[in-house]
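The letters A, B and C name the chains in turn, as written, and every chain counts its residues from 1.
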């Protein structure tokens, strides 16, 4: 018992930043769940009488050009921003895992076709591809998710493929095959669980990136439309007022966005250190 | 020519302080070949790296001297400033490493790597650097030196790479060469040619050599004297013939018994029981061999055995109950 | 072992890039034709009448089979025909070509800034592992990759333009008081120097400074990370120990031996960095009203003007393929082993 405690304390001591990031993550998750319920004002109700007020006790983050409370909008937007990222990452994780496992396990033509498709995706600057996809598929939140998932797909497919490739002929896989397990069973129960820890690192690092991408897309006017509260749009709307000195409109949503991404990146770094110290960079 | 006295080295790691070397003593006479023998982790390479001043950042010399004397200089290698040590390295004392393929810069022509060393230690005009390097390549019996000069390490075999390493180390005619497992990773016939080459070159140049190896048989073949190390201690040092005919430390005896020889059957080879002690341990036994020793007696072996006097003028052993 | 000649390696690399080009063309084609909606309506724009849509359909050959359409599309590409922009009324190729230098100048300036900062920082961190400098640089690198470029840009504008007034207004490539230098390379910095107009050079540099810094900050993080990691790996490698044991001077060990080798992973990372940069470029152009192809695409996006978007994506993708090819060739120059194993 005491050794467990000691060890826990050692781990926490060695990974203070990671635990701070984890706490931040919990706060963000809580905000995503409770945001609309605990926001002090309605994120959509306009009131021109109090437009463009700088931060005060009544409005901690100030008010925007339509008199909406920036703090409330930032809080409410958490759910949408994180939601888009989570769905996009989940989608690319599932599809990428499937494609990567197949490519790595079967090799041959399956591998060649899948790898070639992935290479083609990688031939585009990823944000540009996402932009093109949303423009082509139509301007909706749903399509933002698909586009973000699509540009993350190469990462997952490649990582899983190479991880599966090195394990394909490992002893435990041979053993599973000899005891009469079918290909799909081996992939699902023997190979995939083994690559999961490494994948978690990528998922965490990727979450930050997905949030950035989605916010970037809405910043240029794709996906989420006003008056919906979303960090990227809020920064875009606040951009006009920066040059006239109303800094709070863009600063707060931008800062929270940055914090969220930072949190996932730190978490990913921490996980990487825990899972495989050799990967530390 | 080289006299190492009471050398202690510690590594500060996250997991604790590793006492890698403790009061290591040995000496090398001019022109002599001394073997340092021991298992992996016994501190052989750490000793060599310390002398060369290329120890990892985490390693620190906590005590001792390493007096080096050549025709030109007489210094304590552990006290000299980094810049004056740099003058000595490659010039007065050189080192060759195990894994010659990774020990050479992978993206620089091997000939250029030799001229790099020549340039920083000699005032040869640039035009002569290349000639001198080619001369070195020829002296280590590399066929077609002009062509090999422009080769990259990946284009050469392990044996050729090790010869390049030797040419590199001997380019400025050092008086002492430290060879750290020079034959590891080479196949058996190449091992012999490399060792014979080293032996011939050492004889030609009257160069002292320290041969670091885990292979007692190899050491017995090429060395005048042998220093046996175990867990960061020097446990015995003696001329090769007396060490083999009359080992005094139980570890040396076991090491000899574990060495394959042509006339021995496999069954006669005696593995040495136990493992090296954990050098991080706070309560490390004074005699680091005690946990593996059949003759261990807590009444007799209570103190560190390192200060035991010599049994003969040239035969030291660190044991309270020598054989 | 037969060593392929440099020209053989170069040819081989160029051929290896061809599938990417073909893939890019197919994907851009599919993006427009295999859509859920009516592509003709997309290209005709939101304000088009039914007759106009029909005309677009015929012009683009959208009434033919998908395969036929593809070959028509490829034929158009070879003739350099990417359609006409509804907003500018010019051909898309003309628009892109006049605006491309602005984007390239910005991207390259950002990259140069990032490299100039990232490499020394990474080397500094690697030579002092686990010191506070190292931890600081690591944290900085993680923070840098978390920065939304559009936000950094706005924040810098607020601070340096609105508050301190040390940079000119974030409105394009040149202050309106100046006129553009004669077109030689299209890069204002280069052209103004070539025409010997130092005042103009200063003005262009002042305008470029903030957007380039914004872009550079974004690329800084991955470059610093990889420089640190690969330097760290090299410094603890066997051949560095050999170099030190041979008494080579520290400068030569650090730069001539360790850094030259550490460059290889850094050059490889440039590919990903360019992917980041070209994407971030769009956002930065929008923030700074930079008249490049990114802001052109954003304007087209807002107006649902489809041909420019398609042309933009194709241009960016081809640019990226070419950049990757250049990176590949750079790698061949640095690493004698490249081209042998494949």
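By definition in this document, a contact is a pair of C-beta atoms (placed from the backbone, for glycine too) under 8 Å apart; a residue touches a chain by one contact, two chains touch by 3 or more.
Quick caveat, the model's predicted, so the values are computed rather than measured.
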Most remote chain, CA-based centroid, reference being subunit C: B
Best-connected chain pair, where connection means C-beta pairs in contact: A-C
Centroid spacing, where centroids are CA-atom means, of subunit B and subunit C in whole angstrom: 52
Whole-Å gap separating subunit A and subunit C, where each centre is the average of the chain's CA atoms: 23
Partner subunit A, residues of subunit C touching it in the complex: 19-21, 23-24, 26-28, 31-32, 35-37, 139, 142-143, 145-151, 154-155, 157-158, 161-162, 169-170, 225-226, 228-229, 274-280, 282-283, 286-287, 297-298, 301-302, 306, 309-310, 312-313, 316-317, 320-321, 324
Subunit B to subunit C touching residues, read off their complex: 49, 52-54, 56-57, 85-91, 94-95, 97, 99, 102-108, 116-117, 120-121, 152, 154-155, 165, 168-169
Residues of subunit C that touch subunit B when the two form their complex: 1, 3, 129, 236-239, 241-250, 252, 256-257, 260-261, 264, 334-337, 340
Subunit C-touching residues of subunit A, taken from the complex the two chains share: 17, 116, 119-121, 123-129, 131-133, 135-138, 208, 212, 215-216, 219-222, 232, 235-236, 238-239, 242-245, 247, 250-251, 254-255, 257-258, 261-262, 265-266, 269, 281
